[in-house]
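Got a structure for you, questions after.
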Amino acid sequence: MNLDFSNDEKEFRKSIRQWMKENVPDDIRRCTARGAMPDKNMQQRWERLLGSQGWLTSTWPEQFGGPGWSATQRYIFDQERASAGAPPTSPFGVAMVGPVLYTFGSEAQKERWLPGIQRGETLWCQGYSEPNAGSDLASLKTRATRNGDHYLVNGQKIWTTQAHWADMMFCLVRTDSTVKQQQGISFLLIDMKTPGLEVRPIYSIDGHHHLNEVYFTDVKVPVENLVGQEGMGWTIAKFLLTHERTTIAGVADIHYEINRLKSAIDALPTETDKQLAVRRLAGLEVDLMALEYTNFRTVAATDEGKPFGPESSGLKIKGTELQQRVSQAMVEIGGLMSLPWDNEEPIGEQIFNQASRRYNFLRACTIYGGSNEIQKNVLAKMLLGL
Amino acid sequence: MNLDFSNDEKEFRKSIRQWMKENVPDDIRRCTARGAMPDKNMQQRWERLLGSQGWLTSTWPEQFGGPGWSATQRYIFDQERASAGAPPTSPFGVAMVGPVLYTFGSEAQKERWLPGIQRGETLWCQGYSEPNAGSDLASLKTRATRNGDHYLVNGQKIWTTQAHWADMMFCLVRTDSTVKQQQGISFLLIDMKTPGLEVRPIYSIDGHHHLNEVYFTDVKVPVENLVGQEGMGWTIAKFLLTHERTTIAGVADIHYEINRLKSAIDALPTETDKQLAVRRLAGLEVDLMALEYTNFRTVAATDEGKPFGPESSGLKIKGTELQQRVSQAMVEIGGLMSLPWDNEEPIGEQIFNQASRRYNFLRACTIYGGSNEIQKNVLAKMLLGL
Amino acid sequence: MDFKLPENTTMIADTARRYLKDNYSFDSYIAQLNESNHLEANRWQAMNDLGWFGLPFAESVGGYGGSLLDVCAIVQELGAALCLDPFVDLIVSPGKLLEFANTPTSLALLDRIISGEARVACGLYDRHAGYHVLNPSLRLNGERLSGQKHVVSDGGVADAVLVSAMSGDELAIVALPFDACDVERYRLLDGSRAASLTLDDVLITDEMVLCRGDAAKQAVSAWFDYLCALDCARMYGACREVYQATLEYARTRKQFGTTIGSFQVIQHYLVDAFIDLQQLESMLLMVSVKGESANVCERGRATAAAKAYYANRAVGITQQGIQIHGGVGVTEELNIGHYFRLVTHASLSHGDREHHMSRFIQAGEKQNEVV
Amino acid sequence: MDFKLPENTTMIADTARRYLKDNYSFDSYIAQLNESNHLEANRWQAMNDLGWFGLPFAESVGGYGGSLLDVCAIVQELGAALCLDPFVDLIVSPGKLLEFANTPTSLALLDRIISGEARVACGLYDRHAGYHVLNPSLRLNGERLSGQKHVVSDGGVADAVLVSAMSGDELAIVALPFDACDVERYRLLDGSRAASLTLDDVLITDEMVLCRGDAAKQAVSAWFDYLCALDCARMYGACREVYQATLEYARTRKQFGTTIGSFQVIQHYLVDAFIDLQQLESMLLMVSVKGESANVCERGRATAAAKAYYANRAVGITQQGIQIHGGVGVTEELNIGHYFRLVTHASLSHGDREHHMSRFIQAGEKQNEVV
């Protein structure tokens, strides 16, 4: 039992902190400090920078190009990343299709796609949800019909984050409608520039463009872009759901947000306003501490080689709820200062100027990636042995 | 639209207040002020006193001996009753079996039983729940077999409040097990002194004896104690569920509790302790105001002859939750002073001395009379048109 | 007690609902979001024709003698329709302040608002004073006004503004032309238009000072309570729509081969929203009457309680509405997210929850003093 | 970082669990509730034999050098078993205070506790000072002690008591015989035994004053943090049992022709409890280490956070446990309600949630000063 980091880990932290200090680009740092989200250029510049260090794919096994860090090191890295004001890595390439490829992909697929992810050059998006297959993914309808050396894909995906940035999409498609729902699904890699593929923006309630609809009309996808065999799509999707995600709770970024909010309390009008804000923040900090130590435990367990269990859902549920509560606190503590929506010049404290947008944006975090209600259903089955 | 009481109603309030001042017995007033519950003697003395005024059965139509008050008057009466430190009336006779009798009973039954209720002389209890029929009442198993001029009752009831005080029980029994569950149930009046009927105490987590198990072994019940026809039990039970209860939210008693708590804040150790308590109480008061105005609306609607709708469940849910929150606040604000369980002499403020018992007692209020979860199920069906 | 709306109020509400149904839609709202600093002349004239410009004000000052309850009925429908036409910002808000100020100059200006000639905004907030409207940071030194005003809800088109300022220890209300200030215009969270004003030793004349001292304090305090009640009305209208839409969505949206309304957890969410909406309606009725009570303490306690309650439960209903809608709930295409922004906005526009809890506590203490 | 319990701690926990399983039961608990001021000699001796009397204390003072983590492991099992034997009240609590005081007299008395000869209680609370243990209302004037002590957890059998008093501006810790005071004995919310003491100009001798001033402050402050950690351990043990029992109940209890665990609302309750229990466990591990940290500020921040969190979520788990059990959950016959009382008690015994939130804020400010 030891709640301190080892000396090696402390050294590691020091070196990462120093590197962050010297390397996080100023415009990105300022963007995060304002509470805004990076644009494509910033995001990609940052990921390429990490890629150039070999740090972007820190969760990957060394044989596929990971840096060989322990879960603790990855956790420390994430803390330093967040507190330096750098954005989290986009998950689609690094955390999702990458592990799928090195676990289920052919040698040719690995050679072709892994290096681009590792260097932050290829941007990916995830084609899962459909208009009538949101929470109920198994009912998806986008078809891929084998036609000689390629598939013809027809259908529609929705809620596709960053599809308008992406070079490639990994996609669940139905290759067989004669078998049980889950069995007829396959995992396909699709070039976003293929003719017949159309991306239409969906604007989110923060006023920004993150999401898209993607339409497929006779989109030709080479058969070598099938991962695993036909019908393995569901297995791969489930693999990803339980795949280790030591940073799923968002602890590092919540710390950053709470610290931003703390720094603005002095700008509040009266002593009472300040005291009430301090007390509200303290409540959030205590909850964050409980989340953080729970996260530490899963990190330590990962380093001992233990599989990620049901805690993973718990971290997601509590983490997203806390992110929402922090963003709500920021808006409400800001009060008047949070009301402006599109002015350049903040009213008073900078941090409140984007607070409402962030609050709006984060309403999605209890919905995407399996809503918290769905997470609880899954967890309940495990607990009750159903 | 008028949020004030009429002059007549104000006069009514004044006269009731005066009467309460002069008539609520001191020992009862002190008992309530301590946060304790009245014993049988106090309860019955109080109900007889009301009975002697014709006020005990204030919800009854005049023809059966009600005082002819409007719902608003009844509401005012309840406010004055609570703020004078008098206990609420036991519901089993006045609010439950009474209305059943004057709605479904024979002339003979009315003549025989209503006067005793009206005068506060006969104490009733309710034999509904069984060990395996708590929330799921329709599955009850206590049998009544017709045998000449009487029924033989066999089985067991549980959670029977005040069975150890009661002279009579109204009881749901199964008279026919060959038909659909709900159809085989009948409504029977049982004298608690009948041989074969045994009452066993259940102690509640406040350390007191409110509840009982009641065992029936060949208990002979005269057929004239059947209300309505055989098989009408379920209809009668449903009638009671939607029967108008203008005081179901417990607003008057919550006011009393909040005022008790307010009066003790000055005894807290530091200014900070006091401020935090005041703020917590204010939050409860705001919620009480919302509940109270919702209650006012149902009272006014009742006076216009509108039926009690789904709001009734809403009042029960919010009211019981608020009662629990107030009792929890009292215990937590009391802190150290709430810890003693059985000392005569309070530590500091009197009100905290019974606070823990009350807090424990009130855990039951979201369970009995149909748990809040069941209330929500029923309400959901209505809202969704299921 | 009687909770039936007066026939007149019901008529006003019905008219408002019908007018908005015929003349406003989600598309109009989206179009309005994309406009800057523009007032739709036809709709503005229609509101005038409906008598809304005079409704909030006493007959003695040239109005049609409507009650707060009447105005709440309209504002509730504006909220339900997501309508951004600045009826509150350019008519009710400045008009009530002028009526409460009750001086010859203020009433003359009110007259021009009622007739539709004047476009006046209220500038009673600045970020230094926050919600503490009786202690603004703007200074009136002799004939010079200096300082800032923020979040001046002017619909993007006002040409005059009523500002509050401290003249020594004394509160003063001053009317001045917008172009006497440095103006920065922007959109607010609910999509409405506002401005920040910077006043750099702006010279004013005596007649521009509408009132001072206790008279000014009483006017601002009455104005604040009145606007708090309108915030609640607006939130109620929005919540009503969110609840209805969510119930409908739960009835029809299918997942896992069944409607999502068949899931018990969704059912309980809906029940919670239904019950909360009942209580929000009760609080609205309460504050619509007491929000203009002559008893200042009762008035303050009522608006504080209502706003504190709304900031909690109205916000909660819209958050849950989004959650039940899932993905589509977080898009600009659907109205649900816009209602969430409106409700969040209105929960903050005249005091947040904590501010009103503090007011509620103070009002309670004063009440006890009286008793 | 490493969250594995040391082998030794695991062994201690296993032993405690086995010992309680073999020697204690719900029936023993009920029997103990009905006793007044009685110590079960066999079990008390058994605890001594297990080495528990010496475990919490450093080897240098005659103890067996167990860590807070070890003691938490035992206390957790005592909580899980609802065991009322006053191990904390008569051994750990007075012993740690004496160890922290660290004077020849205090260590001599500690020695007698470890050997099982002395039955000493701690009287650090009174209702005037509430949870503010560094500012008791008991006065030490020269050689005279006057005032009151409340909620002195003495198991009903202590013959000596350590009290805190203000001697001028200075805190002092005094050891005195119980019979020097007016004693009123009663049961507490969790079923344990306690006393109120009234001291009316009680004459004391110099050697009865164990320490004064900063030394006394530091000892009481370290004691308070240590006991806060034990509160959490006890609540965790109780919550663990409530969660397990509730899960089992949901799996087996039938209503409406099916197990209640098949209802989605019950399922989500259970999931919430599971997740909360995970986090409670994390907070317990945290506070079991940091609760005896040499860094006073870190120590205070850790215990404040843990107690504040437990007062919220541990109480919540037991409340929900009762609700899911329904009728049977509110009876004395079932253990669930007793766990609820235990958890409520422990959430209040060394500072309630608000008190610890204030401490947490203060610790945060101090931390910032240092950094």
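Letters A, B, C and D mark the chains as written, and numbering starts fresh at 1 in each.
FYI, contacts are C-beta pairs under 8 Å (C-beta built on N, C-alpha and C of every residue); 3 or more make two chains touch, one makes a residue touch a chain.
In UniProt terms the chains read A, B, C, D = Acyl-CoA dehydrogenase.
The structure displayed is predicted, hence computed values, not measured ones.
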item: Other chains in touch with both subunit B (Acyl-CoA dehydrogenase) and subunit C (Acyl-CoA dehydrogenase); value: D
item: A-C compared against A-D, more contacting pairs; value: A-C
item: Approximate Å spacing (C-alpha centroids) for the pair subunit A (Acyl-CoA dehydrogenase), subunit C (Acyl-CoA dehydrogenase); value: 38
item: Mean-CA-position distance for subunit D (Acyl-CoA dehydrogenase) and subunit A (Acyl-CoA dehydrogenase) (Å); value: 42
item: Chain centre separation in whole Å, for subunit B (Acyl-CoA dehydrogenase) relative to subunit A (Acyl-CoA dehydrogenase) (CA means); value: 52
item: Touching two or more other chains - residue numbers and ranges from subunit C (Acyl-CoA dehydrogenase); value: 263-265, 268
item: Residue numbers of subunit B (Acyl-CoA dehydrogenase) (touch at least two other chains); value: 373, 376
item: Contact graph of the chains (line, ring, star, complete, other); value: other
item: Complex contact set, residues of subunit D (Acyl-CoA dehydrogenase) against subunit B (Acyl-CoA dehydrogenase); value: 125, 127-132, 150-151, 184, 186-189, 191, 194, 196, 254-257, 263, 265-266, 311, 319, 322-323, 326-327, 329-333, 337-338, 340-341, 344-345, 347-349, 352-355, 358
item: List of subunit A (Acyl-CoA dehydrogenase) residues in touch with subunit C (Acyl-CoA dehydrogenase) within their complex; value: 129, 132, 134-136, 139, 158-159, 202-205, 207, 211, 268-270, 272-273, 276, 280, 331-332, 335-343, 345, 347-348, 356, 359-360, 363-364, 366-368, 371, 373, 376
item: Residues of subunit B (Acyl-CoA dehydrogenase) touching subunit C (Acyl-CoA dehydrogenase) in the complex; value: 1-5, 72, 278-279, 282-283, 285-287, 289-291, 293-294, 296-297, 299-301, 304, 310-311, 313-314, 317-318, 373, 376-377, 379-380, 383-386
item: Subunit B (Acyl-CoA dehydrogenase) partner contacts - residues on subunit C (Acyl-CoA dehydrogenase) that touch it in the complex; value: 1-6, 9, 69, 247, 250-251, 261-262, 264, 267-268, 270-272, 274-275, 278-280, 282-283, 285-286, 288-290, 305, 308-309, 313, 357, 360-361, 364
item: Residue numbers on subunit D (Acyl-CoA dehydrogenase) that touch subunit C (Acyl-CoA dehydrogenase), as the complex places them; value: 263-265, 268
